[in-house]
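You will see two complexes here that share subunit A, one where it goes with subunit B and one where it goes with subunit C.
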Partner chain A sequence: MQSEIPPVLEITGLKIGLLQGQLVVDDVSLSVGRGEVVAVVGESGSGKTMVARSVLGLLPPGLARSEGIIRFNGEAIQQAPWKRMRALRGGEIGMVFQEPMVSLNPAIRIGKQMEEGLAIHRPKMGREERRKLCADMLRRVGIDDAERCLMAFPHEFSGGMRQRMMLASVMMLEPKLLIADEPTTALDSLTQREVLDLMVGLTREMGTAVLLITHDLGVVARYSQRCVVLEKGRLVESGPTAQVIGAPRELYTRRLVEAIPRPRPRDGAERAGEVVLSVEKLHVTFRRRGGLFQRATDMRAVKGVDLTVRAGETVAVVGGSGSGKTTLGRAILRLVEPSGGTIRFKGMPLLQAGRAGMHSFRMACQLISQDPYSSLDPRMRVGDIVGEALRLLDGMSASGKHSRIEEALAEVGLAGYERRFPHQLSGGQRQRVAIARALIRRPELVIADEPISALDMTIQKQILDLLESLQRSHGFSCLFISHDLAAVRQIANRVIVMQEGRIVEQGETEAVFERSDHPYTRALLEASPALTLSRKAIL
Partner chain B sequence: MGRYLLGRLLTTIPTLLLVSFSVFLLIRLVPGDPIVLMLGDAADEETVRDIREAYGLEKPFFVQFGLWLLKAMSGDLGTSISNGAAVAPLILDRFQVSASIVVIAIVVAVAISVPLGMIAAWRQNSLTDILVVGGATLLLSLPSFWLGLLLLLLFGLKLGWVPVVGYISFAEDWQGALTYILLPIVTLILIEIGVVTRMARASTVEVLRLEYITHARAKGVSEGSVLMRHALPNAFAPTWTLIGLLLGNLLGGIAVVETVFTLPGLGRLLVDAIFARDYPIIQGCLLFTAVIYVIVNLIVDLCYPLFDPRVMAE
Partner chain C sequence: MSAFRFPWRQANALIGGVLLGSILLAAAVAILWTPFDPLGINLRARFAAPSWGHPFGADEFGRDVLSRAMSGALTSTSVALLTVTFAVLIGTALGLVTGYMRGWTDRLIMMVNDALLAFPGMLLALGLMAVIGPNRYGIVLALGIAYTPSVVRVVRGTVLSIREREFVEASRVLGNGEVFTMLRHVLPNAFAPLAVLATSMFGWVILSESALSFLGLGVPPPAPTWGNMLSAARPYLESAPWLGIAPGLCIAVTLLGINLLGDALRDKLDPRMAG
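Entry: the complex of A and B
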């Protein structure tokens, strides 16, 4: 039916390889029609980002397109001359990047960065007019204080705000095609939803086609009409989204769909043990230093939180970014000093504890942190990282320690990895090392701060399953801090919902998920794309 | 901002106190009596005692330190034991010589190395890059006295383009002065180019890898603008800190270069004073160097937000 008009983007037989010849993308074809949203799905290493970057000739050094044709509105652009390519970049094809924290230049004011595109692609426009257009566009993406924003630097804004600005600066040029490379992966689920809604809304108004790169099937299901699944550089499956996700034909796609966490009722009978951790009226206040004419102000990150964790139980703390959930976890470990309240660990008041008391607490309570890339010392071998906690243990022989390290690594599925360095491991393997490190002392309480949010979907599921099975065999309690409600639903017995430093709701997981009527909890639940999908998929 | 400045200045006070105290103490622990050195072995004990009293050297250590500190705070660093000249004007005089060499050398070295380092980073792993890095490493490894001597040999003796020994001040004859300090400046430039180029290249490589550079390219920005407008301010920040450290270091002592080229600079003043056990000059020089170091780094820190506005937020 569209034989006359060529698709906005048509990629045929694309191959991208390292200069030595190894292929990163192998024979990928796809097309994006007018006004269509097409998703490219895959895990890290699937080559999806490289497909996106090759369109504008932005492959990183060392990678090059070896074969294939890329057509934009019928025009072959894979070897477009430099001048034509620069006119396409930004002017006809806009691109939004993954990390809003690093994709805006920290040294240049927002206004200047936004105007730059206009200056290149609309050279006739005057300065005043450019300025006004920028401000209008910022208001359109929901930034009210647009004038002030233009004069500000990127670091003054949160990730969600930056991604809006990025979107504004790209869409301002009314491109025919928008390439969005994991545009919201770094954001929490509430912000993710807002930004994606905004993006799809804007592109619909302007009639812009979208090539959406993502690893999140929830996002694919919600926003795209068609999707393409990539695995290790090869095209696995493609077609209308409802069909691909609703009835996946290929094994790999099925695995991806299955990896979406689903509500699974937990057997609640095994717990109700003694209280391991109790927190009462906990306050944490950060002092913000004032400038010359500003007074020092207090930022109250946690305001009067009460909670208890019983033996063997998993309690999840959920909330958007800035809700104080991470600070809460750190305050319980006394990594940040609380400004008020009490924390008791098995009856011992922690805030009054001396060196010896804190020492025994630190032995019994461990942290698993979010970023598996920075939480492991790159100069230590895996065995040393995991075994470090044993050094403080006196009554243990060297061979005893060694076999304990082997055992701990075997438990997380990394037997024989002692001599490796962290950089030789994948993100999921590093997080396994972090888990082994936390569990080697047989702690009674584990605080897991967003342990899976930096990982791919299928890896997320593996890590969650691992945590669950280890908990079953070792019986530790877990405080699971996360913004990922689907994961929480799988792993937690009870849920605590935080907003702006306060607990707004808490209760049994199923009760909160099924019957919550608190507006903030509802908003969080709505924003969780994976859950919507699973409901859709069941239908 | 004002409070920050005040805070920074106040924190330098303990540093300066500690520096002057250790200098005061250490120099007195070195064997050798300045009066004996001045008068020679033949002097009788009476004369030695009189002169020692005249310089206040017979008083207890802490009293000496206290008296010196009080005077130093009003800018009076005492008089030299060996020739009786006032220390403060002497230091300032010698400092002018060192500073004119160091400042010119650093400015030129930065003007050459930052673009060089950025181009090397932009063309990473190409022949240009390898040549730049190789050259920088070579320059970095050369000892300054050796390089200075070779330059003297070639341009001073063989070619006879510049005078080999001596110094005239700028005030007397600036063209003449230039011929005297040209070789020391070139020596310093060559040495510093090595350090600064490597730093500029390393930080540009880091920056060019970042997403906002790709984003700038995706907007259709030309390669020149990508380097100048997007990469330069971000890549220059670490180099700027390095320049501060270098400047502080060099202003305090380029004794080796000054000795090779027989320039009356601060570094040589200090070295000569140490041989003569001329306590007031040694103390004055080191205190002055510490103050310069602190001031230079304060200025560098204050300018830092120009390149990286995130710093102001903290």
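Entry: the complex of A and C
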């Protein structure tokens, strides 16, 4: 008889490798005590997801655990027979995945999917009882019309709602351990906060331990008691969260902490420039096609927005998903047709502009888009991608173009990459290529639509710093669309807060961040984990 | 570790090239010389079994099967090549325009296209042949029209997904015209499925041409094609099985060669496959 209660999960000396022998996870040990929240932090490629998956024996094909012991409540489960593993999965160890949009089966009603777990792990339970339990659980995660929800299909709900449902169906089985793999990365910050609060609340009530996989130090600081930092499969540092983040011992951890964007004093004098972009009463309406028996309805994405951007300044547009901020950016670029209002670029009304007017606007206004994986033509070399922007410039010799391309790539730190293809680059490098392409014609206005949200923390910082320094040397104006308030605080002179297609507040960055009393703005600010963290770090 | 791996991709291209090359060589040689006159009737050699004189035997009129297969190679491969080229050119152009432009152009073209698709391809070709009359350009036109709708479908589907990618948007923001964007960014990225379709279509066309010849609507006799040789061999399959071997072997070798080459070409043109 052991006198000491073993931890819920104990991993010692875990090694996971490709079958050819290359290690993806190299000697990682961690433990999760009863009712504890332990975070595993790392950037992409750090092996954090593999650690989580190995607990349930769900490693992708080609990867295998080569060494190490995984104990669950004292029982070594790394080689558990299939039948035991099946009982563990879901029944005692629950897992919530990253993508709520794809982790529910689109062809099966919510109720049916929730019942699946019960049918396996509580075979004696009757149908009525199962139904009732599901409905109760949905109410506990804050879904009020639970009965209707059980009969609905996943596509009828937003990402946040789906993640609540996932959480409900996992927690319904009262597992001893919950593994949450980036559970809120795909959600905007407001929803992220709600879902995480809910998750931590539920697990505390039920006494479930949580292994939280994340790349977001803000989330780590807010929700976990202890954390483990991984870099390239190796354990860098572990310990109580407050200590690891507050006083990191290792260089890598320090770099992660430093990557959290911080507000910095900006001199206001630099932007007394002329108005580059002015938007008045802009409306964008999408026609939503009706189904067989439904009438076509209008979806008003942007409802009467006014804004101005002056030369050399950065204006941030923030808001949750569905606030219309992306549509606003696309409408200004005329990628979607506005249904009303005026857009003036340096005084020229864009919506009435002819061919020549549009051409000069295109030459002077560029876009940096969110997803660097899809914004570069996979069949073109980096040099050609960047150089394509020069095609429409008159009077440039071939050698002039070539040196301009070299210069633009050198500016973004990619000198000598002309001959590479996009698939040979990392996410951060691709975004640099996209930036070089946007800036090579020296535009006067750049619209950056969530330019960093698809990137790792340390890369986010590099890209933000790059944008800032390029702006300083070239002096373009920037409309920075983002839901990442910490980044906005670092880069923006002014902030515009959007909610449901309308501007609810705008002002100088510091004023909005420090003194706003609009409830939506306050909610956004409080939901941003990195922001709270950076504030704490400053105090 | 990769240094020792056998270069399968190059091997594929090599084997495919050799197979197809030998067929084309035979076709070229047949223009100048064949062992016997492919149309020359020799009643003494009727149903001659394979021998040194007639390596693949002789048919019911005593014509040398090898000579006929060689001179048929020219007809069969050129008909197939022209048909595939026709269908791919027209189909790609239409698919690109409908997929990229959407709207009424799309609806109109796709309506006609779907109507054509609803016909069995063979039946459509038969009908067209009946109108045009049996000659080799008629076959190219009829089969080309019959195969175009499936190219349109495939290209349109690919284009529909590519046009939503952000690099197409980026091209628009750069100020590139629609036609430039379409040709520079959309078309090259639609190439992979097109290459697969075109190579497999080459096989279907050779078979369809045989079927048309079989029904008496292909290249008119006595000119040999692999298809009409096969169909002529059918009644004698039990008594003179060698009649089908040469044309059948030719079709099989050509298809294998084309498919291997097509795969190699598709990989070669995709930068992601180049390591």
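We take it that the second predicted complex is superposed on the first by the 531 of 539 C-alpha atoms of A that agree within 3 Å, B and C clash if a C-alpha of one lies under 4 Å from a C-alpha of the other, contacts with A are read in each partner's own complex, and residues count from 1 in each chain.
Definition applied: a contact is a pair of C-beta atoms (placed from the backbone, for glycine too) under 8 Å apart; a residue touches a chain by one contact, two chains touch by 3 or more.
Model, not experiment: these values are computed from the prediction.
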Three-chain arrangement built on subunit A, subunit B and subunit C clash or fit: clash
First, second, both or neither for A:I5, with subunit B first and subunit C second: neither
Which superposed partner A:M348 touches (first subunit B, second subunit C, both, neither): neither
Contacts of A:E99 with subunit B and subunit C, given as first, second, both or neither: first
Which of subunit B and subunit C A:S375 touches, first, second, both or neither: second
Touching partner for A:A410 - first (subunit B), second (subunit C), both, neither: neither
First (subunit B), second (subunit C), both or neither touched by A:L18: neither
First, second, both or neither for A:R86, with subunit B first and subunit C second: first
Touched partner set for A:I108, first subunit B, second subunit C, both or neither: first
Which superposed partner A:P61 touches (first subunit B, second subunit C, both, neither): first
Overlapping segment of subunit C (options 44-52, 80-88 or 116-124) - the one that collides with subunit B in the superposed model: 116-124
Subunit B and subunit C contact sites that coincide on subunit A, given as residue numbers: none
Partner subunit C, residues of subunit A touching it in the complex: 20, 333, 335, 358-359, 362-363, 365-367, 369-371, 374-379, 381, 388-389, 391-392, 421, 423, 434, 437
Complex contact set, residues of subunit A against subunit B: 53, 56, 58, 61, 86-91, 94-95, 97-99, 102-108, 116-117, 120-121, 153, 155-156, 166, 169-170, 291-292
Interface residues, subunit B side, partner subunit A - complex: 1-4, 124-125, 210-212, 214-222, 229-230, 233-234, 307-310, 313
Interfacial residue positions of subunit C with respect to subunit A in the complex: 1, 165-167, 169-176, 184-185, 188-189, 270-272
